[in-house]
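These are the structures, in structure tokens.
Presented sequentially are two complexes of chain A, the first with chain B as partner and the second with chain C.
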Partner chain A sequence: MSRSDYIIRRIGMAALTVVFAVVMNFFLFRVLPGDPAKAGIRDPRLTAAAQQSIRERFGLDKPLLINLEGNPFDSQFFRYFGNLLQGDLGISYNFNRPVADLLRERLINTVLLVGVGEVLAIIIGVALGLLAAWRRGTAIDVGVLLFGLFTWALPTFFLAIILLIIGSTFLGLPVAGIRTAGGASDPWSQIVDVGRHMMMPTLTLTIILLGEFMLIMRSSLLEVLSEDYILTAKAKGLSDWVILRDHAMRNAMLPMIALIALTLGFTVSGSILIESVFSWPGLGSAVFEAVGRRDFPMLQGAFMLFTVSVILANTAADLLYAALDPRVSV
Partner chain B sequence: MAQVLSQAPTSVDTEAGWRTIWRQLRRSPMGLAGLCMLAVVLFMAIFAPWVAPYDPYAPVRARIDTIYAPPSAEHPLGTDDGGKDVLSAFIFGARVSLIVGFVASAITVLIGGLVGIVAGYYGGRVGGALMGVTNIFLVIPDLPLYVVLVSLLGPSIWNIILAIILLSWTGTARLVYAQVLSIRERQFVTRARAIGASSGYIIRKHILPLVLPIILAQNALVISIAILSESGLAFLGLGDPSLISWGTMLNFAFGRGAVSVGAWWALLPPGLGIVWVVLGWTLLGYVIEDIVNPRARTHHLM
Partner chain C sequence: MLLDVRNLTTEFTTPEGARLRAVEGVSFTLGRGEALGIVGESGCGKTTAMLSLLRLLPAAGRVVAGEVLFAGDDLLRLTPAELRERRWRDLSIVFQGAMNALNPVRSVGDQIREAILAHMPWPRDKVGARVSELLELVGIPAWRAAQFPHQYSGGMRQRAMIAMALACNPQLVVADEPTTALDVMVQAQIIDLLDRLRRDLDLAMIIVTHDLGVVAEACQQVLVMYGGRVAEHGPVERVFAAPRHPYTQMLLKAFPTIEHRGAPMVGIPGSPPRLSDLPAGCRFHPRCPLAVERCRVETPEPRAVGEGHVAACHLV
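Our next item is the complex of A and B:
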């Protein structure tokens, strides 16, 4: 298979996965019980006219999949799909505003938190994983391994609660929301204010991701260090550092790229739990609030956004992997 | 025919294999630590009604002085937001974690193992299609889907388990698939096929015994993921309302002011309980995986 075939196949797979996610998202919310709009149309306290108006408002008067009587695409599914293509995710029950607008306002806050946390975790994780693999079996290695297993076992929200308590009682940091109400208005103090609010949520995310990245880096590098070309490099008299930098790291980083992308779904889950604890006004706390208020359009929209971004990130990582590693594409 | 095949060395190997795994597990400090940690939780969960000082499911009339009461002789771990004994709730909470872990992982591993074996053994279109479906499920972010499913279906323990199973079989399927692909080409399989053994027989006698240890290691990992998922859902308010779990304890304590009144005794035990049991399974899974799938034994920089 040629390189362009691989790229086309990979993009095709991503498109298929997005379609699957859309279909699943539609059916989950239309077919499963629990949506108040669906319960509302059967509420005997409402007049027939009111029930009909709810039905029309949410498009529930149309057939589910394919309209057999008129235009075949005039159905609930194709209306949902068409709206989605136009960026219309419905109206939030709770805020009575378009879900797409609400999610857009919150997206930037989540990207800020996840972006900084992810970058910090990658840098520290790669460095510690490298150290552990290089000095395999030493105290550093055992320490890294145990720390990795411990953070893996640590529930994200529990670490968040602990850091919230530490941050507020011992460090005097603000631990709720993103800005101080009525704070100074000049840009510099605003940046400092957001930065102070960010510290504990970001630290939580970094620690949670760090363990995983360390372990991945460690095992990936250990695998590379058992290869014959490392022995050859050693026999040439190169120093450990040169071997690590020029021979081992380049190959060990490849699986890291794919695995970091795979842990993105994990990052999304982490952001839901962390934002809920720190009342960080991002997508994750939107999910938390939507659950509490049974705001199904909001939940559906957030789920769609999460899924599509994880699919896109994975595809990007796979393509990057193919570009970096000449061995892929066979 | 069956006589000849039953003399194939695999079944004997596996028997010895299980014993080797057990012996190496006991010799590894990490494995031993994991086993001991889990034994404590298992004991606590099974004998909860006898170990716990109070019945956490019995209604308690909360008074202002019994809410978030600090640890005392009467309540070794204090009381919670409803004036109930935290220690008793903690002991009973172990049951939910273990049930979710065991049930979800058993079904997960069954589905994942089946998909992996069928896809790996038959390969071709069947394998491609099965692994395609696996790859689609693999990228769906877990917690958001669990939240959606449990919100729609209602927060019962069985719906939580169902949601967890729906996404976690993919890891096992991929792992087993890769393993079966390599076993399929080994000599004893090609020989068995050459003398006319049926696919079902080869899978049962030759493939299954070799992938079972890997499935076992994966099982420990899936249990820990299931327990973490349940606790996360419960913390978000989607735990089974009729059961006391460590996640719901944390949800109530955090949502009802334990942080601001400084009631650490309502927050630490359930949180540390989750860490304890998940760490136990993780250690066990890690050590078993290291025994059955030793990688990178050489190290050219040492």
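Our next item is the complex of A and C:
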């Protein structure tokens, strides 16, 4: 099988997975207990007529799968599918605004937090893992190992609360949110303001991700350094640095890429805990609120975004892997 | 004299701090265009001796005594920078190619190119031409330079490794079990190739092997190692025709030959000593049928038993 076949097959598989996820996503929310028509407005005095009008407004009066009376496609499922194709994810029960707009606003905040945290964790994790493997058995190695195991085992919410306390009490950093209400309006002070808000949530995410990156990088590099081709490279008269750069790093990065893609896919959803603790207005806290309010369209939209981001990250990892390792796909 | 190894002695330090002597007092000399075969069972220190003289030992290993004079300079006393410069230019090594001796994620041509450029600042097209020339020298079509090691067969990988070893026109090539894990036809091709290259390029060669047939076919000298020490060393015809050390005698009997078809093959009972548990006296005495009291207490030093022929045994 040629490389282009491999790429086409991977992308095809990803598209198929997205379709499957979209279908699953629809049914998942239909089997949940609780009546969304009542959940939206928490008022026991809600009349039957009012409930009925809410149902009609959100299309919940239609049959689930196939409309047996009239147009067979006039059902909840096909309306969901059709709207989705037009980028319409429905109206949030809670905010009474299009879900797509809400998600877009929240996504930017989450990407900002996760993006910076992830990049920092990758850089620091790879660097420390590399250093530990290169100085195997020294105090540096032991220190990195202990730090890695400790942070890997640390519960996210616990670290978040500790850092929240430290940040607010000792460093004078803001406690919650992304902006100071009524702060200065010039762009520079706004950037500084967002940066100050970001500091502790980002640090939490970085530390949580760091341990795993360090440990995997260390063990991966140690394995590669014991390979025969490293000895060949040394016998060729290459310097330690060139061996590390041209022979060890590339091979050692292969397992890292899979790991990075995996965490990248999950951090979009996985920052729920961090966003909740720091009241960061991102996707995670949006999901948290939506669950509490039975805001089904919002949840449905968010779940779809999570699924698609996981699938995208995995496909990107597969393609990158194929580009780096010639053995893939043959 | 191209290579003069004197009293090479290597120790490994275990994680518990114990020091194990893997190679002790190995000496030999090698001239241009000459091939030396080093034989012995697994764990006798053959590969360790080679890695010691190339200074490629793992971190736990250290050469504690001896000299490796290459064209007059002691390789063991070069600074790391001097050593890097001489590696591959003066002496190169062919590892067992069926294993991961070539980097799996870089093309074969790229890895040969790297070896050339590490030592010679040649322009791009000249390096490319040299890579093609080298591959064709070992019988690989030049277009396969762009391919990766996994696209090669085991024999081709071994030949590519040999081509790479020749990249900088070295004077000495060390081949560590170049035919292990290859099928018999391919083994013969590799040995023929090494022998031809030795003649054509006037290369000195050290071949570490389990295969006495390889030594008979491609080497002029043979060095038999046992328990990290030299058991017997001399010209191939002499040693094979009249082995003096009991270990060499038994090793030869354990190997089938066409001439003695029908003669039973006799294995050597027992196994080589563990480094952590070396016997006193002659290291071979627990397995030696001729051992006398003296062998149990006194270590035999190599002594001349003929022209250029030494054996380390009290009974010779």
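As a working rule, the second predicted complex is superposed on the first by the 299 of 330 C-alpha atoms of A that agree within 3 Å, B and C clash if a C-alpha of one lies under 4 Å from a C-alpha of the other, contacts with A are read in each partner's own complex, and residues count from 1 in each chain.
Please note the rule applied: contacts are C-beta pairs under 8 Å (C-beta built on N, C-alpha and C of every residue); 3 or more make two chains touch, one makes a residue touch a chain.
Remember, it's a predicted structure, so these values are computed and weren't measured experimentally.
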Winner on chain A touched-residue count between chain B and chain C: chain B
Using the superposition on chain A described above, determine whether A:F81 touches chain B (first), chain C (second), both, or neither.
neither
Regarding the shared-chain residue A:F95, is it in contact with chain B (first), chain C (second), both, or neither?
neither
For A:D325, select first, second, both or neither according to whether it touches chain B, chain C, the two together, or no partner.
second
If we overlay the two complexes on their shared chain A, which of chain B and chain C does A:N251 touch? Say first, second, both or neither.
second
Return first, second, both or neither, reflecting whether A:K234 touches chain B, chain C, both chains, or no partner chain.
both
Can you list the residues of chain A that touch chain B in one structure and chain C in the other?
227, 231, 234
Quick check on the complex: what are the chain A residues that touch chain C?
227-229, 231-239, 242, 246-247, 250-251, 254, 324-327, 330
Interface residues, chain B side, partner chain A - complex:
132, 135-136, 138-145, 147-149, 151-154, 224, 228, 231-232, 235-238, 247, 250, 254, 259, 264, 267, 271, 274-275, 278-279, 282-283, 286, 295-302
Seen from chain C, its contact residues with chain A in the complex are 54, 56, 83-89, 92-93, 95-96, 99-107, 114-115, 118-119, 148, 150-151, 161, 164
Which of the residues in chain A end up touching chain B in this complex?
13, 16-17, 20-21, 24, 28-29, 32-35, 134, 136-137, 149-150, 152-158, 161-162, 164-165, 219, 222-223, 225-227, 230-231, 234, 240, 243-244, 248, 262, 264-266, 268-269, 272-273, 276-277, 287-288, 291-292, 294, 296, 299-300, 302-303, 306-307, 310-311, 314
